[in-house]
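Chains: A, B, C and D, in written order; residue numbering restarts at 1 for each.
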Amino acid sequence: MNTFGHRFRLAIWGESHGPQIGVSIDGLPAGIPLCAADFEADLARRRGGAAGTTPRREADLPQIVSGLREGHTTGAPLTVCFANADTRPSDYAAFADHWRPSHADRTARVKWDGRNDPRGGGHFSGRLTAALVAAGVVAKKCLPDVRFETRLAEVGGETDPARFDRAIAAAQRDGDSVGGVVECRIAGAGTGAGDPFFDSVESVAAHLLFSIPAVKGVEFGAGFGGARLRGSAYNDRIADAAGHTATNHDGGINGGLTNGNEIVVRVAVKPTPSIAREQLTYNAASGRMEPLAVGGRHDVCIAIRAAAAVEAALAIALAELIL
Amino acid sequence: MNTFGHRFRLAIWGESHGPQIGVSIDGLPAGIPLCAADFEADLARRRGGAAGTTPRREADLPQIVSGLREGHTTGAPLTVCFANADTRPSDYAAFADHWRPSHADRTARVKWDGRNDPRGGGHFSGRLTAALVAAGVVAKKCLPDVRFETRLAEVGGETDPARFDRAIAAAQRDGDSVGGVVECRIAGAGTGAGDPFFDSVESVAAHLLFSIPAVKGVEFGAGFGGARLRGSAYNDRIADAAGHTATNHDGGINGGLTNGNEIVVRVAVKPTPSIAREQLTYNAASGRMEPLAVGGRHDVCIAIRAAAAVEAALAIALAELIL
Amino acid sequence: MNTFGHRFRLAIWGESHGPQIGVSIDGLPAGIPLCAADFEADLARRRGGAAGTTPRREADLPQIVSGLREGHTTGAPLTVCFANADTRPSDYAAFADHWRPSHADRTARVKWDGRNDPRGGGHFSGRLTAALVAAGVVAKKCLPDVRFETRLAEVGGETDPARFDRAIAAAQRDGDSVGGVVECRIAGAGTGAGDPFFDSVESVAAHLLFSIPAVKGVEFGAGFGGARLRGSAYNDRIADAAGHTATNHDGGINGGLTNGNEIVVRVAVKPTPSIAREQLTYNAASGRMEPLAVGGRHDVCIAIRAAAAVEAALAIALAELIL
Amino acid sequence: MNTFGHRFRLAIWGESHGPQIGVSIDGLPAGIPLCAADFEADLARRRGGAAGTTPRREADLPQIVSGLREGHTTGAPLTVCFANADTRPSDYAAFADHWRPSHADRTARVKWDGRNDPRGGGHFSGRLTAALVAAGVVAKKCLPDVRFETRLAEVGGETDPARFDRAIAAAQRDGDSVGGVVECRIAGAGTGAGDPFFDSVESVAAHLLFSIPAVKGVEFGAGFGGARLRGSAYNDRIADAAGHTATNHDGGINGGLTNGNEIVVRVAVKPTPSIAREQLTYNAASGRMEPLAVGGRHDVCIAIRAAAAVEAALAIALAELIL
């Protein structure tokens, strides 16, 4: 449900257009230095502002309401809240019956008999990733030796970063959106993190990654490409006592355990489902297919902002497995 | 660790060459009809025997040692054991220091200070998927309206099933192995299964899928291919009040909840790491790179047998989310 | 840790003298009617104000910051926060080294290397039971057919309620405190709630009850008194098809499952450890036994206010087992 | 349900008269020395044989079927099975409709619509405590510095051990049974074990203790007696930097955390509900109150054998909190 983890345990709450979103983190060691400014860089990456990201602007000032004293964690749950300020709930009134394609409007309505909060996607909104990113910041503070490097690896099928802006601008001009792939490389996670049978590094990481809205694929190392190789080409031969390998098709994980090489993860993010163009889709009020115009403020390429959430999910996964 | 689930709860144990593997399943409704013969078809698919699968032969007779009375579940934990009969532990003595590439020999040794059972991969062996497949059989019995259709979608890069045997035979001839992709399509799962934020259908399914040895990628619907599309091409427009869509790029899942369309999952399985050809890799006993010959009995294409485990993992995920 | 439950899942946070305490509740059905006023009666019982309770006064206005729309639960996590207003942290500065007897000052300090928040007991404060009581209110809303009747059964060894005030007044006059026993009787819980082996009604209830500060004993039905009986006197003979029994020594629970009779629970609450009289106890700063005067504002009989927390814990236990 | 714990995780299964009971333990460190003989002493205590215990005789030979290699734990789940040999299922046929007083016959039947295994109490049988005791043996192996001392503190209201045999013999002569109290004292658990808010030592221990059939009360330190004291008499004044206290009314636990003093737990065990004398109770087959004769083989004082289970539960609780 809305909690995750045994050792680094999160509870997350909030809706896109409610008063507040937040996260409470349990299992933290005492004495980790932490302050509100530590959250700024990752929240800024998530917040967007670049071409292709939503014009919705939230100050995203984290309020730490428990678990911190004199600039250090206390060992009690650390809770971080974000007030929702820039809400425009009226943008979303129309979708109660005229469900947006590839959105959760209909599934959420069916699941909760129409009692769910539909405004801005409610609890399904990407807005909740601010809480995930905040938890990721705390996770990284707990893992000072682990280094994360996250980048956009694909935009709309382009793999050359020089072409990303162009692809986004073209989609925006057409009232459209584009998908992308986020890649994260992690060094310093050591050897032996992960637990058989069910809590492989891949399992725990993918569990968290697929909780990020719009993520539809996760692969480690060579992933789907590796499935096309022969063993003689794929196998990562070990080069020294520390387990370093010349190739890294396994993405730093063997038997579900980190092997000391770089962890490599790639995450497929679908194109933003909200697009400026009209879409012909079923309207339950009229019982007919009707053109739907999705107003509101949306990202052209949600993968740009998802990168911060991907990195946070991976940091949380490692904190869960290493702490 | 070796338990999974809240509502349909598994505990799994055993080693490749120990006396027994088994699984205990908690949370089952009482009154589900079940007998040993129900396990046969799926266990046979996992057991292999076709070209490209291991010559190791286990009778795989499931012993139901608790939770069943007069052919029905009782509501108490149902436990299924399999004796390991055809074990040849001496096959594996050499790998204590001369670690097999892309295997868990070294990571397991480091994690447990050499106390792990290394014989046949020990607890990391694909042998444990027999227990997973058994749990999947029980999960499917609990979901009589859900239908699973699982097939090999790729072998060694080939997507035309007519070419699969040829690819396998060629690899075998070369003392090599090939990877593959397994695809599962699921009908009848209804609308609204899955839980935000962390327990999306994708999250729970991927968690289980990545616990299967050799799985390195998971995608839903259009997955990585969908990340190359624009929203106008990707979006699944809704066609009727039941939520049917003309296209199914989202693979039957919106906002982490089933939407009533077919669930479509693709799983990347790496080439079997054990190959007949010698591999030059580090030997910790000598401190030198040395050729390693992996004896034992191995699959040329582990994806063939993984298909049964993939289907089982998905059945367990749905039982966890629907029961 | 600070989360509890699988089906009715709580995460709790806060410190006595921090900015806020709160609770997030997951697993709630959608459509439960709820408003801030629903919390008032139980919070008032917990807040005290009668003779023998602390003069600390908190307005205890619950702020519902997620999971509610148009007066009903949405199915997403419901989060309730309470601002801490009437804090006087300086009251507690002295106890860093001169640990209060029968308090957590020393154990918390050792556990978290002095990083814990010691002000007012920090995370160990009875203040957190406001969050527990709030969760209990929500649990009771989910169980409209279950009725709870909670009373003070003993104060300082007195079992006649007419003598309770006198016992408290006498202790207060002496600068002392008294313990007590809280009894809760629950009707309408039906037959068959509870799960073997580990999640008996008694197990889940006791787990929650013993999380309430100052609780040192829990018994069901005849409890410790029943252990002095013979089976012929103890056994609750069944009187009809609905399972009603003439006696109720088992307190409404057989084999860990509710049996349809009244659930009867008794909870031992120790005397408030903070007393007005000086206590000779070790001072780590001086390395000597020294008289300790505990200032601050304290209850003479914490059992009075614990009653609301006891009822809340039992409501949460039943929600976890019945929902 | 039938699993417990996050760090020292148990899954338990089996029925009184099925083929097998067992337990799988996850989270064990690798390298703990263990052999079948280690189980003998505690299983013998549980098995009984003394005056007042059941004449049912099980060899109780533990079969370790996973997780052990060369006499040490491997880090993978350790699974211990016990075959049920001395079963006489026909003893129990009569209770399907003529429910035994203070037994789970009726509650289990209602919960699982008559699909439960009623033979010998099925999954509710005290037989399953053999699996609990086995897990306790393993837990104690993981806690080499912790010492447990468990004794019968009361039998049928007698507190002088010299009178226990007499009380049991008198009850047996009368075709009756008696209850008792088990006391366990634990040294060496250190300071700071336990977790706020929900996982206090008392919470985790009581959760496990109340899963033992026939346990109806649990108290720590002075417990219910302490609730009759004043704070000035109850408070455990600290005597030195290590936190030793002259008195130990808190039973070694403050704020839910161990304080370094002896942990003292007392457990109320009800009289064995199966007695030789006839009991007049409702028969659902006839719709009338009718005399019920409970055959089978039963303990006069189940508290004698429960002592081993009590100690096991406490060892498991500490393993969960300390490992």
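One rule holds for everything that comes next: a residue touches a chain if its C-beta (ideal position, glycine included) is under 8 Å from a C-beta of that chain, and two chains touch if they have at least 3 such contacts.
Remember, it's a predicted structure, so these values are computed and weren't measured experimentally.
Touching chain A and chain D at once are the following chains: B, C.
Each step here moves to a touching chain, and the least such steps from chain A to chain C number 1. Between B-C and B-D, more contacting C-beta pairs join the chains of B-D. At the far end from chain D, in terms of centres built from Cα atoms, lies A.
Distance between chain centres (mean CA atoms), chain A to chain B: 25 Å. Spacing of chain B relative to chain C, judged by their CA centroids, is 45 angstrom.
One simple way to say how far apart two chains are is to compare their mean CA positions; for chain B and chain D this gives 38 Å. In chain C, the positions touching at least two other chains are 1-3, 12, 76, 111, 123, 196.
Residues of chain D touching chain A in their complex: 6-7, 76, 196. On the side of chain D, the complex with chain C involves touching residues 1-4, 10, 12, 99, 101-104, 106-108, 110-111, 121, 123-124, 128, 154, 156-157, 171, 174, 176-181, 191-192, 195-200, 202-204, 206-211, 213, 215-224, 226-232, 234-241, 243, 245, 249-251, 254-259, 266, 268-275, 277, 279-282, 284, 287, 289, 303.
Contact residues of chain A toward chain C in the complex are 1-3, 9, 11-15, 18-22, 24, 26-27, 30-31, 63, 65-67, 69, 72-79, 81, 111-113, 115-117, 122-123.
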